[in-house]
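Below you'll find a set of structures to go through.
Both of the next two complexes hold subunit A, though its partner changes from subunit B to subunit C.
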Partner chain A sequence: MSAYQPVGGKYFTRPFIFFLIVFLIGFYFMAERFILGMGSISNLNGGFSWGIWVVYDVVIGTAFACGGYAVALTVYVLNKGKYHPLVRPALLTSLLGYALGGFGAFFDMGRWWQFYNIFLPWHWNFNSVLLEVGLCVALYIGVLAIEFSPAFLEKIGSKKLLNRVNKMMFFFIALGVLLPTMHQSSLGTLLIAMGHKVHPLWQTWQFQPLMAIISALTMGFSIVVFEGAFVSVGFNRVSETPLLRGLGKAIVGLLITFLAVRFSLLLIQGNVAYLFKGDMASLLYLLETVLFVVPIYILISPVRRANGGKLLLAAISMLLGGALYRFDAFLLTFDPGPGYSYFPSMPEMMVTLGIISLEIMVFLIVVKTLPVLPREKHS
Partner chain B sequence: MKRRDFIKATAASAAVVCGPETALARPNLEPAENAVGMLFDSTLCVGCKACVSKCKEVNSMPPVIEGDKLSWDSARDLSPKTLNVIKVYKDGTAESKDQEVDGFCFEKRSCMHCVDPGCVSVCPVTAMRRDPLTGIVTYHADACIGCRNCMVGCPYNVPQFEYDEAFGQIQKCQMCNQAGVERINNGQMTGCAEACPTGATLFGTRKELLKEAKQRMAMKEGEIYNYPRGDLSKPDHYHEKAIPAYQQHIWGEKEAGGTNVMHISAIPFDKLGMPPLKERSSASIAEGVQHSIYNYLALPAIALAGLSFVIRKNINEDTEDQGGNS
Partner chain C sequence: MSKREIDFLEMDFSEVTRRLGVSRRVFLKFCAGVAASLGLPPGAAMAMAEAVADPKKRPPVIWLHGQECTGPTEALLRSEQPSFEHLILDLISLDYHQTLDAGAGHQVEDIKKKTMLENKGKYLLVIEGAIPVKDNGIYCKIGGETMLDITHEAAENAAAIVAYGSCASWGGVQSASPNPTGAQGAPEVLKDKTVVTIPGCPPNPANFIGTVLFFVTYGKLPPIDDKGRPKWAYGRLIHENCYRRPHFDAGRFAKDFGDEGHKKGWCLYQMGCKGPETYNNCPSLEYNNVGGGVWPVGVGAPCFGCSEQGVGFAKPLFSLSDVLTHTPPNTFPEIDDREGPQGVTATTAALAGAAVGTAIGAGLVTARKVNEKDTSDADE
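Let's turn to the complex of A and B:
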C-alpha cells in the first residue's frame, strides 16, 4: 500500500472560486497580449525588456519550485529517508511551478510562433546562457513529470508500468537533482552579461552562479517547510512540524553560507561603500539581509525551531528574502541607463497573478484526486 | 555519499568555476580584419538631423511626430522606428558649443557594432550575428524567438523590440547592409555618413577611422585641420576648421573590447550618456563561466554518473530496510 493518499472533498470551495476569478481576469489580458501585442498591456520598454513576466514567473517562480530539488537531494543523495513523506507534495509544486514558469516564458516570447527554434540544434548558440536555461528547464519539466508519475499510475492502478518506472526512477531522480543545479545556477550567470546594468551590490561576476544556486536551495527547502506547515493548517491534518524542523538545520547552514559568501565578495570586490549610500539599493540590500537573518535566528535554536508558528515565519522570511534577492538584481536596482524606468502595469500584474492562481487551483485539484499527501497516522 | 564528501565535491566544482582565472575564460574578441565602421566627431555635429531622416528613408521607417511639430522628426531616443538619433547635451545657460559647463553639444546614438557584441553572445538561437568580414552586427528575424535577451545584454540599449505589433521583431542598425539594402556590399557608404553635411559621421574601415581619430587627437587646439566628409577612403569634400579641445579619449577604441562605430568629443562621455564600461567585455566573462561548467558537458556527465550511483544505492538500501516500495 502506498504511503500517500488523496485528500478528497469537493473541488469548488470558496478559495477555489476566488482563484478561478483571478485566473479568468489574467486570461483576458493574456488573450489581449496575443491579439494586440505585448505593448498593449505591458510597460516593457527599450531599457527594461525583462519585466515581471520573466523575473517573477521564470526567475523567481522556478526558485519557489525548487522544493522537489531540495527534497530529492536530501532524501536520495544525502540519504535521509525520514523525509520521504515530503517528496510527493514537493514534486507536485515543483512540477506546477516549472510548467507555469515554462508557460510564462512562452508567454513572454516576442516571437512565440517560432519559439520551437530553441529546440532546433542548428540554431543553438553555445555561448548563450539563456540557451542552457531554456533547454534545461524544458528537460526538467519532463523529468518532474516522470518523477511524479507514480502518483498518477497508482491512481489508475497500472502496476506493470509503475514497476517499470520505479526501476528506472534512480536515473530520473539523478537528473532531477542535476538539472536544477544547472539551470538555477545559470539564472545567476544570466546577470553577468548584463554587466554594469546590474547594481554593484548584486553584480558578483563569476560568483553569480554560486549565489544563485545557494539561493535556489534555500528557497527550495523553505518552500517545503512553508507548504508542510500550510497544508497541515489548511487541510486540518496532523502537523508535520517534527519532520520539518530537521530541515531547518539545513537551511541555517545554507543561509549562513549565503551571507558569508556575499559579505566576503563585497569586501573582495571593493563594493562595501555602496552599502552606506543610504539610497534605495542599499536599503533593499539591508532588507534582504534582515530577511535572511530572521530565519537564522529562529532556526538556530532548538526551542524556537520546535514551534510550528515560528517555523512558518522563518520559512516565509526566507522565501521573501530569496525572492527579493532575485527581484533586486534583475529589476528593482537594474539600471539600463538614463531615460528608462519600469513599473509593471495592472494587466501585467494580473497576468502573473492569474498564472499563480492557476498553479494553486491545479495543486488543490491534484492533491484531492491523486495520492500526493502522506497518509495520515491516526494516533 | 557522506555529507562531508558531498560538500567537498560541491566546493571543488564551485572553485573551478569561480576561481580568479576561470578555467576557460576567453579574452575579448578581436576586431574583424577589414571591419567597417563609423567615426562620430561630436564637435562637428550641428544637430541638423539629416542623418536621422536619411536613416528612415533607407530603412523605410516613418518619422516620429510629437504634437503639432510636423516639420521634423521628433524622435528623442532609439525605438523600433528610429535606428539612429541625435541627442543634445545642455548645461546651464548653454552658451557655447562643446563646452562642458554652460555649454551644449550633440551626440549620436545608433548601434556601436561592438567588436565583442553582448547581443550576439547572449542570443540563444543565433539570431544576432557578427559578420566575419565586415564586423557588422546583423539581426535575423527568421531565427529570433523574441526573448529580448539581446536588449538586456547590450550595454547601449540598442536592439529595440516592436512591442506594439502583434507579430513584432527586433529592430537595430545593420549599417545599411541588410538584405534588400546592401549599401556596403555595393561599395556605398552608410546612409547617415552620406547625408552628414559636416563629416561628423564619417564612414570607413575601423583601422583607418582609428588612425584618423588619433591624428585629430594628436593636434594642438586651434591648429587648422582639413576635415574629410563621407567615406574616408574617398572623401568627396574637405573643409578646414580649427581643432577643438578634444577629450583625449576615443570611445570605442577599447570599451568592452571596442566598437566599430567610434565617438570623439570635447565633453566627457559619461556626460553624454555613455555607459560606465571597462575594457573587458561582460560577454567574455559570462562565456568563460559558462564554458568552464559546460564544456563538452563533461562536468554534468560526471555529476550525473555519480548521482545515479549514489541514488541507486540509497534507494536499494532503503527498500531493503523497509521491505516496501517508495
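Let's turn to the complex of A and C:
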C-alpha cells in the first residue's frame, strides 16, 4: 500500500476554469508567435534580447522549481526521512516548472527549428555557459520524469516496472541533486558573461554562481512551504504546518548566508556608494533586502515559525525577493547601452501567465489523478 | 624531476653549440619552441635537443624536384628557425638537392644513387614539384630519366616521404584544368606509400622543419590527416584562427580594395577570401618571421587557398568561398535599431500589476485560511 493517494474530485472547478481561460489567451499569442515570428508580439530588441520569457519562465521559473532539489537534498542527502511526504508534490512542481521552463526557452529561440542542434555533440562549444544550462536542464527534466514515474506506475499498477525503477532510483536521486547544483549556479554565471551590462549592485562577478545557487535553494524550500499551504487550504486537507516549519529553519540559515555574502561583497568590491544613490537601482536593492529580511524576522522565532499563516507569508516574501533579485539583475537594472528600453508587451505577459496557468492546471489534474499527496492519517 | 630531464641537464651541449654557432640557451629555446608549435609535451623539447646534439642521428635526405618554381626551397632558404644552413648541415644530411648541390651532372646523380643504396630504408625523401604522368611522364626529365621513374625509384627504399609544397602535395598550378601534362601530386603517384604533405604556395618553412625535426627525434612522422597533412599544422581552417574573424561574425565586410571596410581591416570574405575552406596555420605563424601581421590576409589580400586542393588555382580569385564552419546569413538583423514599440503602456502596467497583485492577494487569503485550519486542527 502506497503512502500516497490521489485526491480525487472533479476537474472543472471554478479556479480551474479561470486558469483555463488565461491559458487559452496565452495559447492564442503563442500560436501567433510561431506563425508570424517573435517580433510580431514581443517587445524584445537588439539590446534586450532576453525578456520576461527567459527571465521569468527560465531563470525564475526553474528557481521556483527547485522544490524537488531542496527536498531531495534534505531527505536523501541529509537523511531527514520525516520530510518524505513532501517529496512527491515537490517533484511534481519541479517537473512542471522545468518542463515549462524548457518550453519557454524553446519559444524564446528566434530560430527554434535549429533547437535540435544542442543535442549534437559535434556542434558543442565547451566555453558556452548557455550550453551547460541547456544540456543540464534537458537532462534534469528527464531525471525528474524518472524520479516522479513511481506515482504513474503505481496508478497503472505495473509492479514489475515499479520495482525495477525503484532499484535504480538511488542513481537518479543522486543525479537529481547534482544537476540542479550545476545549472542553477550556471544561471548566475550567465550574469558574469553579461559583464558591465549588469548593474554593479548585482554584478558580483565570480560570486554570481554562489549567489544563484543559494537563492535558488532558498526559493526551493519556500515553494514547498507555499505549495503545502495552498494544497491544504485548496483541497481542505490536514495542515502540513508542523512539517513545513522545519523547512523554515533551513530557509533562515540560507537567507542569512545569502545576505552576509551579498553585503560582504558590496563592501569588498567597493560598491556601497551605489546603495545610497537614491535611484531606481538602489530602491530595488532595498526592496529586495526588505523581502529577504522579512522571512528571517518571521522564521527565526520558533513561535512565529509555528504559525502557518506567518510561515506562508515568509515563504511568499522570500519567493518575491528571489524573483525580484533575478528580475533586477537580468531586466530592470540591466543596461545594454544608451537608447534601449524594454517592458514586456501585453501578449508577452499573457504567454507567461498562460504558461503559469498551464502549470497550475496540470498540477491540479495530476494530484487528483495520481498518488502524489500523502495519505491522510485520519478518516 | 624525471630521469630524462636529469640526463638532459647533465648533457654536454658544448659540442652542439660550437657546431651550430649558437649559445646553449638559444639552442634549447629553439627546441622548446618547435616542440610547442608541434603541440608536444615539454619532455619532447629535451628529446629533440638530444637528437639534434647527436650527429649520428642526422638522417640523409634525398630531395627531388619536379614541375615547379622552386618556391618551397626558396622559402626554406629564408627560414630563420633554424636558418637553412643549420638545417642542412646540422639537423639533416642533405645528400642530393638539384638547386643546392655544389656538383652537377652525372657526378651528383651518381652520389644520389650511392646514398640511396648505402642508406636503404633510412633516408628521408623530400619531393618538391608535381609529377607529370601523361605519356609515361615524358614532360619532366632529369638526367634523361622521367620524374615519374625517379620518384618511384627513390620512394622504394625511403624511410619516410615528405611532399613539400602544393605541387608535390596535390599537383599545384600545373594540375589546373586542362592539365596538359597530367601533373599529379606525390600521394597520387605513390598510392601504396604514406606521403606526408606540406602544401602551400609557398609552404611555410616552419611546417616543414617541425615535421622533419619530429622525424629526426622520434624516427617516425607526426600524426597526419586523411590528406597526409601534419595535424599540428593543418588541423584547423584559416578562418578559425583568423584575427579578422570577429568582423566576419559581426557582418563587417570589406567589399573592394581600398574601400572603408578594407582600410579598417574588416573581413575579406566578400572579396573572395578562401580562409573559410582552407586548412593551414598561417594566422598563427605568419610569414618571414618579421611579425606585424605579415601574411596574405594580414596585409589585406584575400587568402586564395594556395594550400587546399580544389581551391587554390581551381576557384576564381574573387568568388565566394564555401564556409565549412558556419554560413553567414545574407543580411544581419539590425542590432543598432533602438527605436521600436517598447516602453510601458497603461494596459501592460495594469496587467503586470494585476498579476502580481493577484498572487500576493491569494497568498494573504491563504495565509489567513491556514491559520484558521491550524487552530481547528488543534481543537480536534
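Simple rule for what comes next: the second predicted complex is superposed on the first by the 378 of 379 C-alpha atoms of A that agree within 3 Å, B and C clash if a C-alpha of one lies under 4 Å from a C-alpha of the other, contacts with A are read in each partner's own complex, and residues count from 1 in each chain.
The rule is simple: a contact is a pair of C-beta atoms (placed from the backbone, for glycine too) under 8 Å apart; a residue touches a chain by one contact, two chains touch by 3 or more.
On a predicted model such as this, the values are computed, not experimentally measured, just so you know.
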(Q) Should subunit B and subunit C be called a clash or a fit once both complexes are overlaid on subunit A? (A) clash
Q: Considering only touches as defined above, state whether A:N127 meets subunit B (first), subunit C (second), both or neither.
A: first
Q: Examine A:F115 and indicate which partner it touches, taking first as subunit B and second as subunit C; both and neither are also allowed.
A: first
Q. Looking at the overlay, what does A:S215 touch: subunit B (first), subunit C (second), both, or neither?
A. neither
**Q.** Partner chain in contact with A:S149 - subunit B first, subunit C second, else both or neither
**A.** neither
Q: Check the residue A:S341 against both partner chains and state whether it touches subunit B (first), subunit C (second), both, or neither.
A: second
Q.
Once chain A of both complexes is superposed, is A:I192 in touch with subunit B (first), subunit C (second), both, or neither?
A. first
Q: Identify the partner contact of A:A229: answer first if only subunit B is touched, second if only subunit C is, both if each is, neither if none is.
A: second
Q.
After the superposition on A, what does A:L312 contact: first (subunit B), second (subunit C), both or neither?
A. second
Q.
Contacts for A:M349 in the overlay, against subunit B (first) and subunit C (second): which applies, first, second, both or neither?
A. second
Q.
In this superposition, which partner touches a larger number of subunit A residues, subunit B or subunit C?
A. B
Q.
Applying the stated clash rule to the superposed structures, which of 95-103, 149-157, 185-193 or 257-265 from subunit B runs into subunit C?
A. 185-193
Q. Do subunit B and subunit C land on any of the same subunit A residues, and which?
A. 45-47, 338-340
Q | In the complex, subunit A residues that touch subunit C | A | 43, 45-48, 226, 229-230, 232-233, 238-239, 241, 307-313, 316, 320, 338-346, 349-350, 353
**Q.** Residues on subunit B engaged by subunit A in the complex (per definition of touch)
**A.** 1, 3, 6, 14, 17-18, 22, 77-79, 118, 120-127, 141-149, 151-153, 155-157, 160-170, 256, 273, 275-277, 282-283, 285-291, 293-294, 300, 303-304, 307-308, 310-312, 314-315, 317-318, 321, 324-326
Q. For subunit C, which residues count as touching subunit A in their complex?
A. 333-338, 340-345, 347-349, 351-352, 355, 360, 363-364, 366-371, 373-374, 377
Q | Interfacial residue positions of subunit A with respect to subunit B in the complex | A | 2-3, 34-40, 42, 44-47, 49-50, 76-79, 81, 84, 87, 108-115, 117-118, 123-132, 134, 150, 166, 169-171, 173-175, 177-178, 181-182, 185-186, 189-190, 192-197, 205-210, 336-340
